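Pasting a structure below so you can have a look.
Chains here go by letter, A, B, C, D and E, matching the order in which they are written, and residues are numbered from 1 within each.
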Amino acid sequence: METNLALLLLLAPLAGFLLNIFAGKKLSRNLSGTLGTIAVAVSFAVTLFFFMQVSSTKEPVMVNLFKWMTLANFDVNFAFQLDQLSLLWLMFVTGIGTLIHVYSISYMHDDENIHKFFAYLNLFIFFMITLVMGSNLLIMFIGWEGVGLCSYLLIGFWYKNQDFNDAAKKAFIMNRIGDLGFLIGIFIIGYLFHSVDYIDIQNAIVSGSFDVNDINNMTWLGVATLCLFIGACGKSAQIPLYTWLPDAMAGPTPVSALIHAATMVTAGIFMITRMNFVFDLTPDVQNIIAIVGAVTSLIAASIGLMQNDIKKVLAYSTVSQLGLMFLALGLGAYEIAVFHVITHAFFKACLFLGSGSVIHAMSGEQDMRNMGGLRKVMKVTFITFLIATLAISGLPPFSGFFSKDEILMTAFHHNKPLWVIGSVASIMTAFYMFRLLYLTFFKGFRGTEEQKHHLHESPSLITFPLVVLAVLALVGGAISLPGSSWLNEYLAPIISHPAEHHALGTTEYMLMGVAVVGALVGIGLAYAKYIKQGFVPVPDNEITGFAKVVYNKFYVDEIYTAIVVKPIYALGAFFKNVTEVALSGFIFGLGKVANAIGAQGRTVQNGSIGLYLFVFVLSVCSIIAYIFLK
Amino acid sequence: MDVSFILIILLFGAVATYFVGDKWASKAALLFSTAAFAATLYVIYRYNIGEKVSYFHTWISKPRILLHFQADSLSLAMTALTTVLTPIIVLTSFGNMFPKTKSFYALILFMAFAMVGTFLSTDGLVYYIFWELSLIPIYFIALIWGSGDAESRKKAVVKFFIYTFAGSLFMLVSFIYLYTKTGSFLNTHLYNAHLTEKEQFWIFLGFFLAYAIKIPIIPFHTWQANVYQKAPAVGTMLLSGIMLKMALYSIVRWQLPIAPQAAAQYKYIFIALCIAGVIYGSILALKQTDLKKLLAYSSLAHVGLIAAGAYTLTIDGFRGAFLQMIAHGFVVVGLFYAAEIISRRYNTGEIADMGGIRIQSPKFASMFMILVMASVALPLTFNFIGEFEVLYSLAQTNIWFGVLGGTTIILGAFYMLRMFQQVMLGDKGAKVFADVTFGEGFVFALIIGVLLFFGVYPSPIADFITPDLQKVLLHINQIN
Amino acid sequence: MITTLFYILSAITLATAFLTIFSKNPIHSAIYLVLCFFSIAGHYLMFNAQFLAIVHIIVYSGAIMILMLFTIMLMNLNKEDEQHKSILTRIAATISFCLIAFVLLAAFIKAQPAIIEYRNSGEDYQSIEVLGQVLLNDYMVPFEFASVLLLVSMIGAVLLSKKEHIND
Amino acid sequence: MENILQQIGIENYIYLSTLLFCVGVFGVLYRRNAIVMFMSIEIMLNAVNLLLVAFSTYHQDAAGQVFVFFSMAVAAAEVAVGLAILVAVYRNIKNIDIDNLKNLKG
Amino acid sequence: MNTLIAIAGLGILCLIAEIFNLRKAIVPVTIIGLLAILGLNVSEYMDLGLNTAIMERNEGFYNNMIVNNSFGMAFTGLFIVLTIFLVAMTPEFHKGHKAKLSDFVAIKLFLLTGAIAMVSFGNLAMFFLGIEVLSISLYILAASEPKNLKSNEAGMKYFLMGAFASGIILFGIALIYGATGSFDNAVIYSAILSGDLPGWFFIGIVMLTIGLLFKIAAAPFHMWAPDVYEGSPALNTATMSTLAKVASMAAFFKLMRSLNHEVSASYVAIIITVSILSMTVGNFMALKQNNVKRMLAFSGISHAGFMLMVLLNPPAMSGVLFYYAAAYALAGIAAFAVILYVTANKENEDIYQFNGLGKTSPLMAATLTLALLSMAGIPILSGFFAKFFLFSEVLKTGNVLIVIVAVANSIVSVGYYFKLILAMYTKDAAENTQKVPAAYGIVAVLSILLTIAIGLYPDALLGLLK
């Protein structure tokens, strides 16, 4: 029964995918979307069932299907583990997934390949479920790579545009860099533990069969966790592998919402949380994670300050928020990171879908410099967007406040510089989010007449998910209120070393205050600049100085191109034009030398009997001399 | 019914195909190759239930040469690969009209015959004979039915022939040397030849030359790209899909067990060479402007990895290598078929002249995409299984081998996606591209089906070959 | 006495041989060669091989040399119009001659066992009678086979020289 | 009858034959007139014949002398064929200078 | 023994037939006669009990002039087969000179007697006469187109150098006689075993060796071969490169096995050097040749080098040599049958004449391809086994170096063999083709089938020699 249900959970989206890919052309547009949505909804329903069950029994559901791979020291099974952590993730993956499917039915209605779109979305959900449900690292890796594939397909959904295809390719390759790290991590884990099953690994550590005092073991374990973290960096867009995520905004907006904000990019956090018992053993790596997270958060936020593309801003904010989550992970506060993942999923999905609604209304325009004043036309979108913006800015009582505040608080207790960085990033976040809000919804409309004429509120299929998500963004903080956290209790079986929970003392309240004030400062600055002064960002070619550097994302892409891509191509050119030619020439050269010898030999064979006889006689002389006179 | 039956079907098929005439040759070839596959399956079934399927016969009394076709799981697996790919390859040729059809198909079957013989023989000399025999048909296939300018094709093909022939002669010398030591060519006897370390080294090197050229491993690969480009698609598929597997198979079957000490002693050097090939091939693939050449270099990278796996002397490496061989056989046939379909319709191999195909042929695009993904070893495709095991064994040998070998998953994605983008995507659809026909789609579906099925459930093959691989490994470890 | 004779004969043999080679006119060469053959016949006589000496004269001087002379006359070659080979060739020929003579002689000298006693069975081994016996009994097959040889050369000579008929 | 070799010594005959043989070789190398080359070859054969007779005496054995007959037959046959070839050549190029026979080369 | 007489008789019969205007009957009668003689040879072989015997048995005839043993009889059989092929092609080749047909057939038959004498002699006199019969026949054959200057030149060169080499052989024989006092193999052999031979003996052996090296065209005594092969009429080139070469090699081997019992190290060194030199010179020079006959001449030189390796360990090698000789000669016959077909009525034998043969005459093209592949040593053709048996025996003697060189040479050889194959299959024919004459077609196919057959069943040949 459980096996069948779990399979239903897993395979419903796959069925949706297959239906849409093979029969989608024949289905009507709405039916195709509806089928896709139903497939995910079924998964959501099953998830809910399991969630209830596990919440009550506290026992994870294990499903073992069959042996997948055989290795010398262990087998890898096609097995699934539905425990608290995976179910939590499944909840919002399938939940938000369903909402976004609903949204897409309307959003993608006019696209000729809508059935493919839903097919890919379903496929994505399938892989995401695999990633989350797997009971070992390799099953997770299936999902890990699979979502990368879907991300590739969906970013490049409008494949006629080669820029989009470039973005898709970049995303896939950058992810693969991380994936290599992940793989190497798996290799080392497999080598150390003779298993890649989470439970086995945990048991080995707990039971002591894995000797944690062995320096050699611990060194390798450190390498392993570092490698796993590299994998997480790729998937969750952390420095240095974050540049693909902003580019990934080339995909349709629902994709950005689902994959590049709410679900896939949190896979790295999921994985580290999954493996928390391993990461806990390697504090050096944890420090690295924390620092990388904090720095990513700051850099991304600072880039976000200057962006004019509405989705780009959101993308950088996603990177920045993910950075915060990694900060929490690095500090060992896994449940707080998870908390922020959830709240972030709500408000960021809401923001993306909202921006999608706006773009929809603007007939595809994404530049905020050409927007403005939309709040009058798009009331629902505006209100939901506002709620989500408040949430991300960290104002109470919106959900973002609670999660972000906990992260900062933990940072404050562990590492003051990181707290400073995180706080600055939060202030920046508040600033650019409100900048976005102001530029988009306030003041007068700056676009063309045609666009203005076309402005409209989106249909209900679009606004409905917005509303649901806005509500969640508003109340989502309730799952882990300071002091009495349902989430912490729920996750207790998963996290082997729970973060210290600081009682709400003066320091804590003061920190909250600082955070709120910081957010308000950010909002105030944005208000002063964009409402009071009515400032509109200047066209690209007028940006100068440091602003230009920031606007151009610190030229990171250009630097990567210069230090990685270009050298590879140069090397390729070298190989092609030098070594290949030389090697090939060497082989042909042997032939040529042989031919040249032959040609020279022909001149010796000059047809004269006299010469032949000379050679004959001299040979006779030398043979006899050699044999008899030496 | 023993294994010799498969050989007989193929040989008889080759002759019969020649004599049924041009009109029916392709059908006859399909029929006989399918029959051979059916026979292989039946033999495997009999092998599995423990019946005797080996064939023993004395051929030449002095020097003692035996027609021994000892079936074990390794040889049967490779035989099955050959006999399943042959009908597929024959199918891929159905869209083309070849001159001298009967000779063409007869040569294909003859080549399959030779390759199956190579996989099955346990007598070193018979093995060598089959090994060389397989060279003749592919030489003519590439030469006569190849594409492009005749002079350059000739140059490429002759280079290929002489090069591979040269390499294998050193293997022959090694075999003869072993014969003078043991008085037998039977592999089980050669395994226990009691060679000194110096002898082992030279023999290892002799075998290595033959295999390194055939596989190819850098720096012995220079024949490959040109031949793949110039040969007709069928030839390229035979070469890359099956023929180079002969060499990879032989590493495990002959080279390592015969010279185990040398293998253990120098394995780091050879692995490093193979891995260098992986990176080298990948980076070169990035710079190719010709689709088939790009696939050729990608194949260079992949087989380098397989060879590296075999040289690790671990069970994971062996198994990974074998699984990857089979997977690579399918995927490379599929990819070259796709390339062939494109060049058939566009009459060019230049990537720059392609683009926008997906708009016109979404089905083809999807299938090509799946093949590309299989080629870059996405999990749930068969290629992932092998690649994972190989990389795992490499990482166990030395973590840097794992890392450097693993760059294939990055670079592979890089060049394959780049190629896919330039060939299939965009909207440069100036030229008309007809969508895949039923026949073409059927071939793709077959290949994709196999890749996905074994990607999800590789155990039938993995469990089938593991015991015999362990035997080989056990022998190697015993000697050391 | 005999020794002196040997040396004289040898000197004649070698000298005429050289003269054969150095004569510009082929006819002179031929005549010197005949002289050379006669001196060799003298050697045979010294061995008391009279029959052989006579056969030698008949075959070589009588048949072979006449054939050659005949050819020379036929072709009207009795002129000294032969261009000499280049100096270089001649020097090279001379050097190779010296070399091969030196090498062979040196090899023989080195290989020579000092033979003092010679067997002298006293039997008759070289009279016509004995030679006939040996030739037609022991060496019957080679004798017959030599006829094949001569037959072949005859066919060959005819084949190479005869003018072909047009209607063949 | 006394063995002549007792006085002269077999080695001297060997040397003589060798020298004569070498003279023949020299002639072949030195001259370009084909017919003189034939003669030089005859000198070579005669040198060997002389040697055979000397050895025949040395061994007191008739076979050596019998062999000389064969040698003569061979010489005769060779000369017959050689002259026939020579005539054919002469018919074509009107001389017998072997340096004119250089068409086949390389 | 009887075979020799019978063949000589058959030759005379040919000449008589011409006199009685039975020209049409000559070739059929000759072939039937040769087949009968082959049967006779086989029955003699059986009579000697050689098919069942384990050890070699010698049976001397006529005062040990002719010795029947498995070596001689096996080679005799091979020579007869080769001659049948050669004779079968004669009328077609000489169709412009019908009057000379009997001469050509008779000369080939006498040549065959020479060859047989060379492998079944028991006395050096027989050997010498045999080699002379063979050589003189070849001089005649080489020059057999009197009006063709090339043929004249070939004949002249061959004759001059051949006579020169005969002189050296004769000198060698004289020295051997001088050392042992006999021409009889058995006597000489026992004299060797008793030891204490004068030093000339070995000089004689070396002279003999040099003469025979010339006859088999081993470098550096090879220089006549390309010119002569090129200049001779193609059928006669075929005779030289197959029958004559193989016969000389067999004779060489037989001599060395019986006379050179204890091989000195320096002698082995010479053989190895000559062998390596022949292979290398032959193969490298062949690379740049345009004339097919010339190319095959160089190829023949390299094969002579290969075959010379049998002298490294004569007692074990007779089977190997026989196999090699058979494989080489049969492939050569097949190749020449095709060459004769292609170059009939052409002014030269350059490679471009073969352009497009794959299209115009697939059967002949396939035959030539197989023949060349066999010579190159590609399995499963007999040429491969020949090389393989040779290498395995040589490796047993510990001479790894020469095997490596031989292998490297095999690689080079592929280069020029394939030049011809490429011309046949990748180029287009220049002109219309004529029909394949039946004689050439049958000979080509039969000989190539034999090549394949002995490849598939090497035991058949190897078992003949003890």
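A few notes on this one:
To be clear about the criterion, a residue touches a chain if its C-beta (ideal position, glycine included) is under 8 Å from a C-beta of that chain, and two chains touch if they have at least 3 such contacts.
Since we're looking at a predicted model, the values are computed, not measured.
Number of steps on the shortest path from chain B to chain C, with steps defined by chain touch: 2.
With centres computed from Cα atoms alone, the innermost chain of the structure is B. When each chain is reduced to the average of its Cα atoms, C sits farthest from chain A. Looking at which two chains touch through the most C-beta pairs, you get C-D.
Rounded to whole angstrom units, the spacing between the C-alpha centres of chain D and chain E is 27. Distance from the chain C centre to the chain E centre is 30 Å, each centre being the mean of its Cα atoms. For the pair chain A and chain E, the distance between mean C-alpha positions equals 77 Å. Centres computed as Cα averages put chain C at a distance of 5 Å from chain D.
The set of chain C residues touching two or more other chains comprises 85, 92-93, 96, 100, 104, 107-108, 110-112, 138-139, 142, 146, 149, 152-153, 156, 160-161. Each of residues 10, 14, 21, 24-25, 28-29, 32, 38, 54, 58-59, 61, 63, 66, 70, 74, 77-78, 81, 84-86, 88, 98-99, 101, 103-106 in chain D touches at least two other chains.
For chain E, the set of residues that touch two or more other chains comprises 125, 129, 132, 136, 139-140, 143, 146, 155-157, 160, 164, 199-200, 202-203, 226-227, 289, 415. All chain pairs in contact, by the document's touch criterion: A-B, A-C, A-D, A-E, B-E, C-D, C-E, D-E.
The residues of chain C lying in touch with chain D in their complex are 2-3, 6, 10, 13-14, 17-18, 20-21, 26, 29-30, 33, 36-37, 40, 43-44, 46-49, 52, 55-56, 59-60, 63-64, 67-68, 71-72, 74-75, 77, 82-85, 90, 92-94, 96-97, 100-101, 104-105, 108, 112, 115, 118-123, 125-126, 130-131, 133-135, 138-139, 142, 146, 149-150, 152-154, 156-157, 160-161.
Chain E contributes residues 125, 128-129, 132, 136, 139-140, 143, 146-147, 149-150, 152-157, 159-160, 163-164, 166-167, 170-171, 173-175, 177-178, 181-183, 200, 226-228, 230-231, 289, 294 to its touches with chain D in the complex.
Of all residues in chain E, only 358, 362, 373, 378-380, 384, 388-389, 391-392, 395-396, 400, 403-404, 407, 410-411, 414-415, 418, 422, 425-427, 458-459, 462-463 touch chain B in the complex they form.
Touching chain E in their complex are the following residues of chain D: 10, 14, 17, 21, 24-25, 28, 34, 37-38, 41, 44-45, 47-48, 51-52, 54-55, 58-59, 61, 63-64, 66-67, 70-71, 74, 77-78, 81-82, 84-86, 88-89, 91-93, 98, 101, 103-106. Those residues of chain B that touch chain A in the shared complex are 159, 162-163, 219, 221-223, 280, 283-284, 286-288, 314-316, 319, 356, 358-359, 362, 366, 373, 378-380, 385, 388-389, 391-392, 395-396, 399, 402-403, 406-407, 409-411, 413-414, 417-418, 421, 424-427, 456-459, 462-463, 466.
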